[in-house]
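Got some structures for you, see below.
One chain, subunit A, appears in both complexes that follow, with subunit B as partner in the first and subunit C in the second.
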Partner chain A sequence: MSGIKASAADRRDARFGYVLAAPSLTVLFLIILFPVLSALYTSLHEYTLIAPNFDIFTGFDNFRLALADAEFRHSAWLTIRFVIGVVLLEFVIGFGIALMLNKVERFKPIYYAILLCPLLMNPVIVGLIWRMFLHPNLGIVNYLLSTVGLGPVNWLGDTKIAIWTVIMVDIWHQVSFMIVLLLAGLASLPKEPYEAARVDGANAFQCFIHITLPMMRTVIIVTLLIRLIFAVKTYDLIYIMTRGGPGVATDLVSYFIYRTAFVGLNIGEASAMSIILLTAILGLTAYLYRYMRSIR
Partner chain B sequence: MAGIELRNISKVYGNAVLAVDDVSLEIKDGEFMIFLGPSGCGKSTTLRMIGGLESISKGDLLIGGKRMNDVDPADRDIAIVFQNYALYPHMTVAGNLGFGLKLRGFDRAEIDRRIRAISDMLGIQPLLDRKPGQLSGGQRQRVALGRALVREPKAFLLDEPLSNLDAKLRAAMRTELIKLHHKVGTTIVHVTHDQIEAMTMGQRICIMKDGRIVQVGAPLEVYRNPVNTFVAGFLASPPMNLVAGRLEGEGQGTLKAVVGAASLPIPDAFRAAYAARSGSEVIVGLRPEDFHQSPMGDRSSPASVVVVAVELLGPEVILVAELGGTGGPEIMARMPRDFMARPGAMLQLHYDLTQMHLFDAASGTALSRPQLA
Partner chain C sequence: MFKKLLLGSVVALGFTGSAMAETVNILMEGVPDTQFVKELIPEFTKETGIEVNLEVVNYAEMHTKLVPQLVSPQGSYSAIVVDFYWVGEFVKAGWMQPLDERIKADNFDTSVYVPALMDLVGQVDGTTYMLPFYNYAMGLTYRTDLLADAQNQADFKAKYGMDLKVPATWDEYLKQVEFFTKDGMHGVVNQGLRPDPIAMEWSNYLFANGGTYHDADWNPTLNNEAGVKAVEQYKTMIDKFGPVGSASFSFDEAFNVMAQGKAYSYITYNFFRTAYDDPSKSAVVGKVEIMPVPGPTPEQGGSLNGAWGWAIPKSSPNPDAAWTFLKWVESKEIAKKRALAGGSPTRTDVFDDPDLNAKYAYFPALKQMLLTSHNFPVFTYTPQLVEVLGRELSLAVAGEKSPSDALAAIEAEMAELARKDGKLK
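Moving on to the complex of A and B:
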């Protein structure tokens, strides 16, 4: 490595490579890195919309304010619970369905197609559809419940129920993601260890515990992490279905930041919150990246 | 320990593939039995039916005298070694060895004792804490064997356990398996498509083709008396030369097999058996090892050949030549290691007539004759 210098041709190739990459790197910088850096800058300043170029440097004041804000803490804590709830429920349901589908031979493509439908839909559409379905008086869900003598349930208007409704809709929307990834994992497992385990005397449950789970470990962790990262950013569903309400019952952090910035016009503090959220997501992503690199 | 009996067993897979067709076979208690045949002939399927990994479509399977068709693999008390080892990738070697025992509720001390005994025997003691991913092919092979051995089952089923090893290791493991069988004395069914493995390891060979048993017998018995051209062409390497010919003449000294320009007299011992076939087309089977450079009294007949190629193998030389003269059927002959000849040269070889085989030209079955010892 050390003693050998790159030849002139190698250096020329490298330069040519940079030239080729330059346009896309520039675009990436402008549309991704620039806003992030701009948010970082804003978070460290007192920022007023009517006087955009007279920012006052305030250090970490915005961060202190944000962390002291009871509402921010509420939505951060709510988001943590929401994310854990959603990811765990989706995992359990998704793994269950994946295990069942893994045994299916006939009509597999049809099941796949049906499962993928929700995943192909825009979250805004999902939110709109479900808002109609769940309408307290006119929605089909309450109508169906009434036919068996139940309800009516105020799905999105009750402070106790609303968050669970959002969780349910998110599961409906995203569980296929888990199913598809876990199913791909299951399908790629070697089948010989199962035969060996059958001869060794393992029943179906023991096979699952001692063979399937350990062999699926990496797939499970990667799936959970990816889903976790996406769930933290949940915004569209809230915006469409509840606007964080009733009260602050479904005020997830992404939506709360939006409100702080564009309703409360508290741009500096909102930027600080975004940076905090970004750090959390970056942390998860870095862990995911490290984990995926550690798998041989 | 137990014998295994297959009674008219057939296997039809879901897609209507008849993989095993009416196979009957008795494997004696403690016997080392080989299933030999080309790829796709149903060896694995038969083995997996014995092991309980495939259902039996028709017929009865008896292990130790008891019908086992519907018994769970775990309760058949057999162990299987798979071609690709099928170790549990996430468990250590010790975990792999102990898993079956743990499931069967053995206590920790007994499991440890058995793992220690087996790993000593197979020389895998230093590997006990490693995962299969950290082992070489030969080491995995040993662990897979060990996993079968610790359970002390009634029978071992081995599905091409050596085919993933390199040639040298394969030869070493062959010997070890034979030694192992001597030591534990348990029934072993060993599947292979390698005729060298079959000849060297088995007490008996069961040769299969297209889901059927073609011939069963001790290795030498099968080598000396192949029932048809398939077996003749499958065993040994290079295999028996099979050339089209005619049976001509009759009476003492005149009955002969004519192959192109060559003619090979039929020895007196076989004359009575073959005479009735005189005048019919036959396939003549000539083993490469039965061509000699000098005559063997009245047992041999001279045969002139034209050299096509000479393959130097080291311990021996394979001579590829045209029998009877240029344009005659191509045959292979095993020659001593110092043999030399130029392509195109005409040579006089001597064929050991007592080793000649004749097969029916249409069906390929051996023409019956007195068995050679």
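Moving on to the complex of A and C:
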């Protein structure tokens, strides 16, 4: 009897819950799901800016064309390597700094403020500033190198170096994001396990491996995931610093899709490429999410 | 009380509404000529009572901002400026109003425009869609003081057996570039960033070698002796005679190298000429002059043409006011004032004006440059062709493709685009 009553009350609660959630769900639908569905619909048609209509249904032709395009495949592959590079390097550097900051007692807000500065800057401005710093003849970086006898480095003009230059600037810009999230995680860790471990005679390294890492795992995965999704979308830095060059050395996939849409005017094919990218990111997110749940 | 307040504000709004003059909104690029126009606008508002609101943005943002406004039935821009890149696309999409009836009704004389510019950013297939606004044809800027130096002249004569003087042909210029690469100086600085800086600059190399983009039937004509030579020369310039990193320079960075006195020459947009004489930007004031890019023979030029045109979009909310503005801004009087301030004119009567020729000794050279310049292929997919050129030339400069392979790739994609546009049968 009581079970039925409870479930009726539950149902009422649930209905009330839906009513409360309805406004935000509607907004979410309008600003997220609707554009995604619209992109999906566009990707199945020959939709160009010259003829912006859905008259010609092409099925999966746009997807076939995109996947057959060697330039697109090159951009996608380059993006994968870029993302792995920046996320791993930023994680290592960011975690290191977060661990150090976690021990700091005095002037913490000052360190925070300094670290957050790059993150608060617009990527376009970051790109422009670094382009000036890295100017091979007139920039300050090569000037400083020359004072210790190192020759001018062709930061953005050499196919082998350019991608590393972009990675370096991205790290400078985004590493504080990692630091802030990881530091928040570290600060919320309970003190007791460490005290117990110290009593048992564990050293700092052992504490880190056996206590910090396991307890931080969820935070680490969420941080990596968010940073990874942002890194896949990197566009501004490329646009300002290299335009995908020299050659095709820094032609990341977001910039490639942008060009397909707004230079090639082919919104249909660009939508197909975006859907491919979205599927890849969704798959990765789902995998990491399940992994995170499995270790809880 | 609240009602009174509300009423008061409604009345106040009504007054400001009726007192507010008509406004012409224009999206423009942040370049010197836009600034010169902006400075003259108070005169227009005084004459006509029409306010002009210029939204000035970076080139890169313009197309992305324009298209949504042009596609919608009622956009927010009364008039627009159109880069020659976009002419084919805008005409094909039917986004610009034909101006012929307005031109006829007001007896606006379009015959004063430099013919090549009218072809580029004026008429398309006999219909006038635009009035040429300013030109950005490319010229060779070079250091006059280095040419005049007696020691240099003697050394050059000894090395090449010819006089050191303003180069009459492309080959002569190439020798000078080699000669001036010495003692920390560079013979040339290039703008090798993809896509448009490299594509535009390299076009001068193509024309200077006597090459062309396509024949009369739009068959690409790049992968031949002239094309390969142009790519090889461009690569040599960057690798041997230019500063480190010029493969990734945009025009501002290349200009800075030249303006800091570190290079003998730079092929660039003619509107940079005035900036060389601005002491706040340049360490070589009075030492740089501009000339048409020399061609294969002294009679032929190698310069690439380029220009912007004024147009009224179909989606313009107030085309009549926009036309009033266009007529005013393109009148001889205002065009001359803009040129006097340092702008790049498009009207022959402005080029021939005695006041301007007295103020700017290089005006005859500019006119000559426009008259002998070559147009870039204008069709629906011009921006995409620039993209392809940028990519392949950049690959060739980086040594990842041979000049001939890069040109073959450009030809293939260019033919496909021209076919898609119905130009190539």
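Quick note on the criterion: the second predicted complex is superposed on the first by the 244 of 296 C-alpha atoms of A that agree within 3 Å, B and C clash if a C-alpha of one lies under 4 Å from a C-alpha of the other, contacts with A are read in each partner's own complex, and residues count from 1 in each chain.
By definition in this document, contacts are C-beta pairs under 8 Å (C-beta built on N, C-alpha and C of every residue); 3 or more make two chains touch, one makes a residue touch a chain.
These numbers were taken from a predicted model, which means no experiment stands behind them.
Per the definitions stated earlier, placing subunit B and subunit C onto a shared subunit A by superposition produces no clash, and the two fit side by side. In the superposed model, A:210 lies in contact with subunit B only, and not with subunit C. Touch criterion met: A:196 reaches subunit B, while subunit C stays clear of it. In the superposition on chain A, no contact is made by A:64 with either subunit B or subunit C.
Shared-chain residue A:108: touches no atom of subunit B or subunit C.
Among subunit B and subunit C, the chain that touches a larger number of residues in subunit A is C.
Of the two partner chains, neither subunit B nor subunit C is touched by A:12.
In the superposed model, A:154 makes contact with subunit C only, not with subunit B.
Taking all C-alpha atoms of subunit B against all those of subunit C in the superposed arrangement, the shortest distance found is 52 Å.
If you check the complex, the residues on subunit A that touch subunit C are 49-50, 52, 71, 131, 135-138, 152, 154-159, 162, 239, 242-249, 259, 262-265. Subunit C meets subunit A in the complex at residues 60, 63-64, 67, 71, 89, 92-93, 192-195, 243-249, 253, 256-257, 260, 262, 380-381, 383-384, 386-387, 390-391, 394-395, 397-398, 400-401.
Interface residues of subunit A facing subunit B in the complex, by the touch rule stated above, are 190, 192-193, 195-202, 206, 210-211, 214-215, 217, 296. Of all the residues in subunit B, the ones that touch subunit A in their complex are 51-53, 72-75, 78-80, 82, 84-91, 99-100, 103-104, 133, 147, 151.
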